[in-house]
Every structure is written in C-alpha cells, then in structure tokens.
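Both complexes below contain chain A, partnered by chain B and then by chain C.
After this line comes the complex of A and B, so read on.
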C-alpha cells in the first residue's frame, strides 16, 4: 500500500449505509453462495448426472439456436453447449484450484520466510517480487507455455509460478506487523520458543488473510487459464475448456451465431462474481474496517 | 490484484511521511531534485530486475523441447548438412549453454541488434518498429478514455453512496471486472460489426485496400479502443469511488462542511484532492494490466501491434521475437512504476521522495 493518508474510517463515525444496506448484502452473500455451490456441484457431478458424451459430434444438429432440447444451443459440430460448458467449467475449476493452491502455498512460505527471518532473506524475496511484477503475468504465462507444449500442466505451472507474489506480499506484511505487537514480545520474554510463538500466534493470525488470498486466486487463475486457452496456448483445442470453447466459436460468431460465444463466457463471469461475493463477505468479517471491493 | 488498494508499485510499505521539519518550513515548489534522485535510484534498481528477467527467459528456453534451428529452417532442414546446421546455429546465437546464449544476446541487444524473428523472417527490431506505433496508439487512447470516464463515474458514484447511480456504476464495474476482455471483444464484434453493421470487425484497413486513411483508421480503431478502455474501467471507477468516499470522512472535509462551505466546493476542492491520490498511483501501475488487455484485444481484432505479434511469436515458439517483446513489456512496467512514484511525489506534499 502506497497510500500515506491516515485512514479516517479507523476512528470516524460509522457510515450510515453500513447499516441500511445490511439486508441487500445478506441477499448478495447467499446468492453468491448458492451460485458457487451450484457451479461446484455441476462441475463435480456432471459425469454422473449426464452420462452423455460431450464430444459427440452430430453434424445434423450443428449450430442450433437455444431451444428446449439444447437450452444453450449447439456448436459448429453439433455438440451441446450446456453440457460442454459444464465440462469446460470442470477443467477450468480443476486448473484454477490447483494453480491457486500452488501459488498460495508458495506465497505463504515465501512471505512467511521473508517476514519472519527478515534481513538478507527479506531483501532477496522483495527483489524476487520486483522481478515477478515487472513482467505482466499473462505474458509470463504465455512465455512459459509457448516454450513447452500446450497442456493442463504447463498452464497450472505457469499460473501457479507467477501468482505467488500477491500472497507473499500480504503474508509478509501481516507477519511484519505482528512482530511488532506487544503480545508477541510478551510471549518471547515469557520464555516461549520460536516454534510456539509461530504456532500459537503467527499462524492463527496469518491464515485467514492467506486463505482469503487463496480463495480470490481461484477466479483469477480461471481467468488466466481461459485467456491462455483462448489464445491457443493453453488446454489443447479438442478438450472442452471455457477458453477453447470461446476460441472455437469465433468462426460461427462471424456468421451471426452468438450462443456458442455468449454462454461459455457466462460460465466464467458468474462463478467469478459468486466467489468474489463470498470472499468479500469473508474479508468484511476478518477486516471489517474496510469495505470490500473486487478482486481480480 | 487481490485488493484494489494493493498496488503494483515497487514500494509496498506505506510511503514514509516527510519529517516535520521539512513540511514545517513549507515547501514552495515541487521537490525536483529529490524526484530526480528517486528516478536515478529506480533506474539503478531496474538493472538487476532486467538481468534476472532476461536470464530467466533463456533458462526457460533452454529447458524447452523446441530447437530454434530446426524451427528456423523448417522442412528445408531435412537435407541440410551438419555443417550448414552448425553455421546457422552460430548465426542464431543458439549454441552453448543458456548463460552463454544470454551473454551473446545481451551484447548484441545493447548494440541494437535483437536477432531475427523465426516466423516473420525479418529482424526483430524491424518488427517492433513497424508495430510499436499501432500498439501505443491503441493503448494510449484506451488508457486516456478509461482514466477520464472512470474517475468521472467514480466521483459521481461516491457523491451519493447507495443511490441508484452508485449501485448501477458499482455493479457494472464488478461485472466488467469479471468478464474476460476477449469475450467482451467478441460480443462487441457481434453487436456492432455483425448486427448493427456500423463498425468493421477487425484489421486496420478495409478489405481490398492497403492505404490507411484517417477515416478508415478511426472506424477500425473505435471497437478495439472501446473494448480495451471498458475492460480497464472498473479499476478506475472503484479506486476513485473508494478514495473519494474515504476522503469525504477526513478531517479537512468535515471541517469544511462545519464551516458551511457548499457541498460542491467541498467535493471538488477538498475531497478530490486527497481522494484522487490512489488513482494517481493507478496511472502508472496499470501498465501490466494494459499490456494483458492489449494481448487479448489486439489478437481478437487482428490489430497489427506488438501484442498480437507477441501471441503469434508464442504460438510459433519464436524465441527471439518473444524475448524482445517480453523485455520491452518489462521496461514499460518499470517505467510505469516510476511514473506512479513521481506523480505521487509531485502531488502529495506529505511524501518525501528521498524516502520512497
């Protein structure tokens, strides 16, 4: 945070809208929770619920507009877009969650090491952070994937290895601010070992922030995966992923069929908003002073 | 990215406030000397960053299964003798360990030779010279539109939090933040180029014409600029809104209101001054996201800029071109960070540039 302004809300009067809009906010949190749960369940259970072949090509049914049979229409090879989108969401969620986990664990370890050890380690980590923020993450991802063959693992690696920076920063800042608190001094002078201080005081304080960062990383990772796949550098084209579906729909878009483009995109937008809504509520709980904002 | 208030600047601890002695005397002009020293320090700090970035690129390329020599000659290489291949390897600077390759590349890069593009078969510097202008035009215009529109909407939304306008603007911002730019671009093409037929779907010139006229350029520029601007808009809106909202609860504003100054003057004269400071930082630190957006938007609209060349280079594993464009992006990001710091140092008299 580069802001030097004193945060006036720290001691200022409670803003009236915080109370008046509590009802709307509850609705928003529950809507987000329902949508996120629906997306997760659909992605998890789709092979059981709809044992249809999402790759099944039916050239007699190509590019059908949305109807009762195909609620989201069919694509240029006659494949059902709803079914394929859910399968795509499954791949995207898998990639997104794995990459977010990789990034968060890396960020947690690196940030905690920098904050707790200080000195040379800290300077080294901060230089690494500078380096990783100097290249736009999508470009770094493009570079890594370009030098290897497209596939799920290069995508996970490229997203995971580039996104630890924000988590590391958050964790480092949190550890640094904790280190100067009196109760840590009290614990140390009371004879608590390093391990005990870390386990009793540092971990419980840092985990909520790191967890929040990890949750917010998921939509971000999905976004990156779909962008890479859209550019033809991510998931191979025959596999249903939301990015490859939108890329594959470019031909039919030019002949006027909008549904193969619109619906897979909504499968990115809606889960992103749902996760962001939940994470926002969580942030308000652990850090109620600041109103939450999205996200990516 | 996780939080609008965490910036991408190199300083992430709160910038230190100037010592009381300094401000006590009252600073009359901008601290130009201190800002120049800051720029010098940042330029020095950029050297190790760029060294590691370039070295990292060569390390990744060394681990890659692609052979640049085979790629360069393609099917012609099937009958080529080992001698020819070795000479070519020498010329493409693809022999030796990755550190040796890196050193050779760095030395020639410093003399202005960035090598040969493997796919476009022309010098990388030529590719960049042809395309840089188009990218700058696209990104610059989109950025200006996003900045002015975003701050205006943000201020309007912050004036009456919870109002219909605020809710519309905020919801739209969240929606746009979640929507991938390439998807927005395709939907825009569908609506404006195919349904309404008012704007071209991509490229720089109409089909069957090679000359770029001002009129056709303007028509071809409209959609890409609009999509890129819209995809950047949410950050400006949300930063401004939050900044002004916070500022409206600061002491100067409360003091001004208590003195009976009218709301308009309070908003424009008092709240905006400190409320727009975070937006100022955003001006420089949005460069990575602008490049990200350009990568996607230029590709969708077949815009002949550097970002679409990056994607083409990546799909063909064209290392020399990709490496040069990555380094240029890193330079742009570092320059953006410096700009953010300089603007902040200029605008906020409480900040001492020597401490940043």
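After this line comes the complex of A and C, so read on.
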C-alpha cells in the first residue's frame, strides 16, 4: 500500500544537519578525557600513597576472587591486583610516552631532512623506511631488546627505533609540499641556509602534524611494551608491568581464575583507547574533512 | 672598459620543471647597471620562471646568469649566499610569499638574521617600515591579520632590507589596487634613486611598465598559449 502523502523530494526542505553525530563526538571526547585524566592521576598519585611492597607475597591469599578487601582479587602469589595494576600502568605510561617521544623526534628529524634535502638523502631515507616497513616491527623490537639486559630503557629504545617510520613519512610529505612555496624562495633569496630554512620555516609548519602523530603513537607504544613484557623480554618480572602480570596469569586463566588476566588487560585497553580518542578529536580539529576512526 | 658591467645578464636561458618540456626556451636579456627593464608577456608564458632563474632560485637547464659581471650559475648546489643576497625578489602573491607564522617585523628582519647582520636590525627595519608606509602597530601582526596590500608592502621591505643591487619584481602589483600600486612603485623609485640599483619588473600591464621602466622588452612568444576552454 502506498502512502498518499507527498514524498520528500531532493529539493524539499531538508532536516537540519544531523546533530547526533556531533553529540556523540562530544561525549566521546569528554569520556576519553576523563578516563585519560583518571589513569594519569592514578599512575602519578597512587604509587606515592601506597608504595608497592614487592615482598608482599602472601601464598595463603593467592588467587582470591574480587572482594571488598581486594576489589580486583589477588594474583598467583597473593598480591593485590588493583595496586599492582596501577603500578604497572605507571611503568606503561612512562615507557609509552617516552618511546613515542623518541620515535616522533627521530621521525621528525629524519623526515624533515629527507624532504628538505631531497636527492640522494631522500632516496636513502625512503629506502630505509621501506626496509623498516618490510619487517614486522614487533619482530624488530624483539631483536633490539634481546641485545640488552631486560629493563625499561631497552624497551623504550626498541619501540622508539622501530616506530619513527610513520612520522618520518608524514613529515617528509608535508615538507615536500611546503618546499615549493614562494616564502621558501624568499627565505633562500634572503640568504637563508638549508638548515635555517628547515629550522625556521619547515619544522614549525609540520609540528602540529608531528605532535598529533606523537600522541597517536603513545597507545601503540604501550601495546608494544605490554607485548614485549608478556613475551618475557620487556620489563623484568619483579617490576610490576601490565604485560608481565598477564604473562604470570596465563596458568590461572586455564583453571578458571579470570581476574588476574582481565583487570590488567582492562588497564591496558581503557587508557590507550582514551588517549586514542583524544588524539582522534585533535585530528578532526586539524583536518575536519577526515572522518575519525580509532587508529592504534 | 669605462662602462660598468650590466647588473644582470641572462644568456640563452632554457628552464623548466621536472621532466616536462621547458617553459622558457633560449632567452637572453640584459639589464644595464642602474637601468629599469620591464619584461612584458602574457600570462603563462614563463615570465615568472625566468624571474626565478634571474633571482638564482631556479637552476636553468642551459644558459648562464651573470650578476654585475660575475657568473652566478653552474654551481654544484645553490648559488652562494653572497650572490643570492645581491638580488631582492618580490613575488606576485604576498600570501604565498609570507611565512604565516612570522610577524611582519620578523618577516622584514628575516634576511638580516639569516645573514647574521643584526647590528643595525631595529633601525633598518624601522626605516623600511616607514618607507613602505607600515605603521608600528602593523609590524606586530601576522600575515592573516593584515590586507594583501599591507602584506605586499612588508614583502617589498623584506626584499630591500639587504640593499640588493638588483631588484626583481614578479607581477608585484597584480593583486593590488591603484593607490597601493602607486605607493609601492614610489618606494622602489626612491630606493633606486638612493642606491642606483637596477630593476627588472615582470608583468603584463603595459601602461604601468611603460611609465615605470626605462626600457620595455617583449617576452618572445614562440609557443601558442594554452587555448581557453
């Protein structure tokens, strides 16, 4: 049965632009901000208030289910999972942010050099980029940490040295498009050296993009840190780290104790999604035409 | 040998971009010391490319550039700084020619800082701002906060700040209204009277170039222009 009402035509009055998308976006940004802030505060403050007693092994209290005393339960050595997770988050954030910074600064310098110098330097850098892209970077990261004694710095180095590639690509492309602007010509004509053109005109112009890439890198770096620790190659076992905790909980998962795996897992997933959500909002501001999707 | 060497001498210049056919084919021209030469040509005929070659910003595929009798082409990389700074350039579009992050003051002072000649920086910038009619208050704005005309004044000041012996104006006034055009032409004329600098202006406004320049030269047109759709 067909309706007798006139159907809206393409020329008819349209409904005002869909506002729900905008609404959900605001909610998402604020949720992300709140979660990220909570994670940062917890990671900064809790270890000061409740220092992690590494000796607090209590085998009589091992693998207790979540309760009022231990909201997230205890692990296979009777340690409180909530407290250990917060300490682990602190390590993860530290490693994630430092590694993302290392990777981004490397990428910025390498990409700017390739774009600004061009010619042989550019070809050399792009081949290096291809090479790094061809090898899975977790594998490359494992190779790097395997050369050192386990600890925080090898993990930072391994993530930093394998993740400059994407930033370098972005920066190089941006620099190439800027290089043909007349204001670069004007600077060259005014006697500016290559280094000065790069420092004064090119790098400041790509900083917002590079900064965004750096923030997007943080969750990724955290995931890598956890993966390396899970494999037993990252943070040493006596230090609380989310990856190490999940690794230690593998046995108990099979016997039905889910909490030692789930809660540290949530501590990885929730803050990283929050950071990625914030970075996505920032990207929409820089480049509104691109739809936001989570990139990890 | 009493006659001084020409300020600019282009011999057999052929230039183009990447692997495309050349935009400028075998062009020679000469600007005598202290002379003002107007180069006329329709849009898209390669005037700007030739101006960039003359300003040592674009490497020609063939031909040589001499500035005041000294060879300025054939270097492995860019021409050396001492040669580049002998030429001041003003481009057609001030928006494209100004770094959006610099204030007008820094824009004008940039060449002084780049060459490390900062002793008289405040005085030089102030003098040029005054000459080009930029108020002190404007100097601390950024390009998006001023008009095209004001920005082009600042670009002209930047081109003059190193006291070049040759000034190249590539369609400098094409984007501007009549009064700003007159003001900028007056600034250039004052500068040339004070320093005896030579001038190469490139444009398609025959009446303006006729009034402004000592001599006009037509850009040789050997290719038909791209037909209008």
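Note that the second predicted complex is superposed on the first by the 249 of 296 C-alpha atoms of A that agree within 3 Å, B and C clash if a C-alpha of one lies under 4 Å from a C-alpha of the other, contacts with A are read in each partner's own complex, and residues count from 1 in each chain.
Everything that follows uses one rule, which is that a residue touches a chain if its C-beta (ideal position, glycine included) is under 8 Å from a C-beta of that chain, and two chains touch if they have at least 3 such contacts.
Treat the numbers as computed from the prediction; the structure is a model and nothing was measured.
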Item to complete: Would you check which partner chain A:205 touches, where first means chain B only, second means chain C only, and both and neither mean what they say?
Response: second
Practice prompt. Please indicate which partner A:70 is in contact with in the superposed arrangement: first for chain B, second for chain C, both, or neither.
Written response: neither
Discussion item. Looking at A:127, would you say it contacts chain B, chain C, both, or neither? Reply first, second, both or neither.
Written reply: first
Item to complete: Quick one: classify A:90 as touching chain B (first), chain C (second), both or neither.
Response: neither
Worksheet item: By residue count, is chain A touched more by chain B or by chain C?
Response: B
Discussion item. Just to be sure I read the superposition right, which of the two partners does A:253 touch: chain B = first, chain C = second, or both, or neither?
Written reply: first
Practice prompt. Mind working out whether A:79 is in touch with chain B, chain C, both or neither, as first, second, both or neither?
Written response: neither
Fill in: Of chain C, residues touching chain A in the complex
52, 55-57, 78, 81, 84-85, 87-89, 91, 93, 96-99, 101, 110-111, 114-115, 155, 158-159, 161-162
Worksheet item: So in the complex, which bits of chain A are touching chain C?
Response: 181-183, 185-193, 196, 200-201, 204-205
Worksheet item: Across the complex, what residues on chain B touch chain A?
Response: 1-17, 45, 48-50, 52-53, 56-57, 60-61, 63-66, 161-162, 173-175, 177-180, 182-183, 186-187, 189-190, 194-195, 201, 234, 238, 242, 246-247, 249-251, 274, 277-278, 281, 287-289, 291-292, 295-296, 299, 310-311, 313-315, 317, 319, 322, 326, 329-330, 333-334, 340, 344, 348, 350-351
Worksheet, complete the sentence: Note: in the complex, chain A contacts chain B through residues 1-9, 12-13, 15, 17, 20-21, 127, 130-131, 133-140, 142-149, 166-167, 169-170, 173, 213, 216-217, 219-220, 223, 226-227, 230-233, 246, 249-250, 253-254, 256, 258, 261-262, 265, 268-269, 272-273, 276, 290-291, 293-296
